[in-house]
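Letters A, B, C and D mark the chains as written, and numbering starts fresh at 1 in each.
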Amino acid sequence: MTTVTNMATGWSRQDIARKIAADIPDGAFVNLGIGMPESVVNHIPQGREVIFHTENGLLGMGPAPPAGEEDPELINAGKRHVTAITGASFFHHADSFAMIRGGHIDICVLGAMQVSQTGDLANWSMGEADAAPAVGGAMDLVAGAKQIFVATQHCTKSGKPKLVESITLPATGLAVVSRVYTNMAILDIRNGAFELVELAPDVDLQTLQDNTGATIIVPVHAETGKAASL
Amino acid sequence: MIHKLYDSAASAVADIFDGATVLIGGFGEAGSPIELIHALIDQGARELTVVNNNTGSGHVGLAALIENRRVAKMICSFPRTANSTVFPDLYSKNKIELELVPQGTLAERIRAGGAGIPAFYTATSVGTQLAEGKEHRQFNGREYVLEHGLTADFALIKCRSADRLGNVIYNKTARNFSPVMATAAQTTIVQADEYVPEGKLEPEAIVTPAIYVDRIVAVSTPLQESELVAAGVQYP
Amino acid sequence: MTTVTNMATGWSRQDIARKIAADIPDGAFVNLGIGMPESVVNHIPQGREVIFHTENGLLGMGPAPPAGEEDPELINAGKRHVTAITGASFFHHADSFAMIRGGHIDICVLGAMQVSQTGDLANWSMGEADAAPAVGGAMDLVAGAKQIFVATQHCTKSGKPKLVESITLPATGLAVVSRVYTNMAILDIRNGAFELVELAPDVDLQTLQDNTGATIIVPVHAETGKAASL
Amino acid sequence: MIHKLYDSAASAVADIFDGATVLIGGFGEAGSPIELIHALIDQGARELTVVNNNTGSGHVGLAALIENRRVAKMICSFPRTANSTVFPDLYSKNKIELELVPQGTLAERIRAGGAGIPAFYTATSVGTQLAEGKEHRQFNGREYVLEHGLTADFALIKCRSADRLGNVIYNKTARNFSPVMATAAQTTIVQADEYVPEGKLEPEAIVTPAIYVDRIVAVSTPLQESELVAAGVQYP
């Protein structure tokens, strides 16, 4: 953990969104968290049909409307203006979270402050005593969606690892994350460890390990690009 | 004859009393019954417990109700949104109480309250600070927490159309919490973009059946919170 | 309890329905049980607006359709063909019973096998061991509606009292009935006793008491018609 | 591309296995998916647990499924209706199991199952035989019983219209249990009076969103149970 790596290292935010989108199967029902996950909607491969759910009561969320066509009563969970695709449906909040809590959402992509090697997620509170805490739907999503993907920069703005042995910030849920997409790598949470799936092209394993607060397992099949040797 | 139409927002909210619990529909500005909230500010009731997903924006609507110190306690999932400074400021000064509830648990607690279910189990929040002190229990090997139904004295709701009997439909994602809130209050007060005769709304498409609605106020061109915030408006 | 009274004694079924209908206030939301309660719908006084709920998903149930206009997908809880009034709404079973369980139905009128002086109701099972038991929505209705009215013949077909000190048949609910309408009288359940509200014109108090399995209280204000003295 | 349309009821129910739990929509004949049930009879799966408000009528549909001895257990609120002799006969001979559940509790248990709620409290059945052996608990001085969520392997449902994505609307009181059943099964199979392209159904009026529907079979002129019963038809 000696090298502080520039946040620009490896994949861009759009690259990460593209990597996530590529892993979402045809016909999946997907919820996208606020922030980096939101851009996944723009990268679904041609010919693949993915239906986006937003927890404020819309199944079949489409992209942002053209400027001037915003409808203040058609927004997503991040309160941004969106559109509804042909075949969309509207429903109330209890029905919307019944979809989530009942295990009907195939994949939810969330941002993270910290992820542990056992899949614990912290993404709702910095633990500051006097700031009003805010949780939104994150705890419902991690408890209910079939699979939780995390999309995040590999390190904090000050260069600290977000992927750690144990989270130190307040938990959103325990053992809930199955895969993490960062600017440096894609990692599965498996058997209580971060297991490398794919390394960003200009990142080597040592740099990845140095910027991670837990030991990374490298299975033989991992796509480690040009700089595979640790 | 059933007649639920009130001639003004002021008359519809006149009996909201000090200390009342008030459910307020809306997710951000979408579905926020801003005219009813402003009438409530004018009316003057204090020490309210207010249930809403957020805490309002700028210095109008729910944020203005809070800023005018009418709210003793907020029950919500996300008290910090864009342009929301009123609640965070009061909270940091310890001048307002907050019950933070995960968004889905909040919706389900209100739905349970309206449906006569005093308590239910959910996996949401297990293993987190928000589950501390709550009863835990395993079903089929998974851990759940007990959550309680939430009812209220009043609900303030915005809708697209309401008919004479009290049937209601909503507009897109402005629906959000309003249908469950309508079921969970002793008195449900609706502001409608349009008031229509019965039969105008398709029976298969009614979202809130007449049984849940007590009072209707027609507000044909409601204020838009984001426009007021952008213009720097402060209410009153 | 010496006199066995003919079931034709006192009010007719239509009289009973009319008496109940007269007690339902303008604007009330009412659920009518199967059997005698169903005819209440035909006796709502002119100018009074009462909205009928049927638990299989309709608020705003209207009368039976003209012959030949029956719709097999528009029925009531008794599976009889009905109509929908202007301003009706359809919803699913869980939403329908949320209306009931949540205390939103003002009055529910049910039939009875037995009613006790404390308001216990038995109306779902004769307690026979080999017959398949059937409960329907009765237990939900008695637990949820704000007020339970009972509409029943005063005695069973064999002349036994249905109004008793304690029910002997399996309970539908305990302390749930507030008022009983029979061919012989209208009685409130109050302070653990049947209290006379109105006596049918050709029934005297002694006959009523003889056909009732519990002591009847006669308050000074009761309408006891011509034969008021006990 | 999402494609949920099957070419026949037979292919849609082909993988229902012996011992499966099957939710079957309908209240009496209203909303009964009779073509799917007949396909299930043809298919031959046995030892089923079936959840329906009733037990069918005459010798067709659900009654025929029971008569052909495919059902080990019924979970329902009212197993005796007009022209229903099959279930009562088997029951009196101790040849079929019955779990009797109050109608509203049954609907709510299915809704809970679909919504990820393992258990909830209700006042329904308190003080009766049907509450015996169940956990009781007081909330605000009133007694409640604990009831458990109900999920299933399959749901068989009839609807008015289904679109390509799986959005569904129903017809009048044929809606009944079907929307909650659609949420509570691993695999939800819908027979639709009409199959329509997406966009044909009004987004505000969709009752069952696409996420809950796995397979669609178009049955444009469904059999009417009461007519078959009146004609003395016996299936197969």
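We adopt the following convention: a residue touches a chain if its C-beta (ideal position, glycine included) is under 8 Å from a C-beta of that chain, and two chains touch if they have at least 3 such contacts.
Just so you know, these numbers come straight off a predicted model, no measurement behind them.
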Message: With centres defined by CA atoms only, which chain is the most remote from subunit C?
response: A
Statement: Note: subunit C sits from subunit A at a C-alpha centroid distance in Å of 58
- request: For subunit A and subunit B, let me know how many angstrom lie between their CA-based centres, rounded off.
  value: 30
- request: Find the geometric centre of each of subunit B and subunit D from their Cα atoms only, then give the gap between the two centres in Å, rounded to an integer.
  value: 34
- request: Two or more other chains in contact with one residue: find those residues in subunit D.
  value: 108, 111, 115-117, 122-123, 170-172, 204, 207
Residues of subunit C engaged with two or more neighbouring chains: 84, 90-91, 97-98, 100-101, 143-144
Message: Using the definition of touching given at the top, classify the network of chains in this structure as line, ring, star, complete or other.
response: other
Query: When you check every pair of chains, which ones turn out to touch?
result: A-B, A-D, B-C, B-D, C-D
Task: Report the residues of subunit C in contact with subunit D in the complex, numbered from low to high.
output: 54-58, 71-76, 79, 84, 90-94, 96-98, 100-101, 120, 125, 130-140, 143-144, 170-174
Contact set on subunit D toward subunit C in their complex: 27-31, 53, 77-82, 87-88, 91-92, 98, 100-105, 107-108, 110-111, 122-130, 170-180, 207, 224-226
Subunit D-touching residues of subunit B, taken from the complex the two chains share: 108, 112, 115-123, 139-140, 142, 144, 148, 169-172, 202, 204-205, 207
Field: subunit B partner contacts - residues on subunit C that touch it in the complex
entry: 26-27, 29, 47, 49, 51, 53, 59-60, 84, 86-91, 97-105, 143-144
- line: Per the touch rule, the subunit D residues reaching subunit A in their complex are 1-2, 111, 113-117, 163-165, 167, 183-184, 198-199, 201, 203-204, 206, 209-212
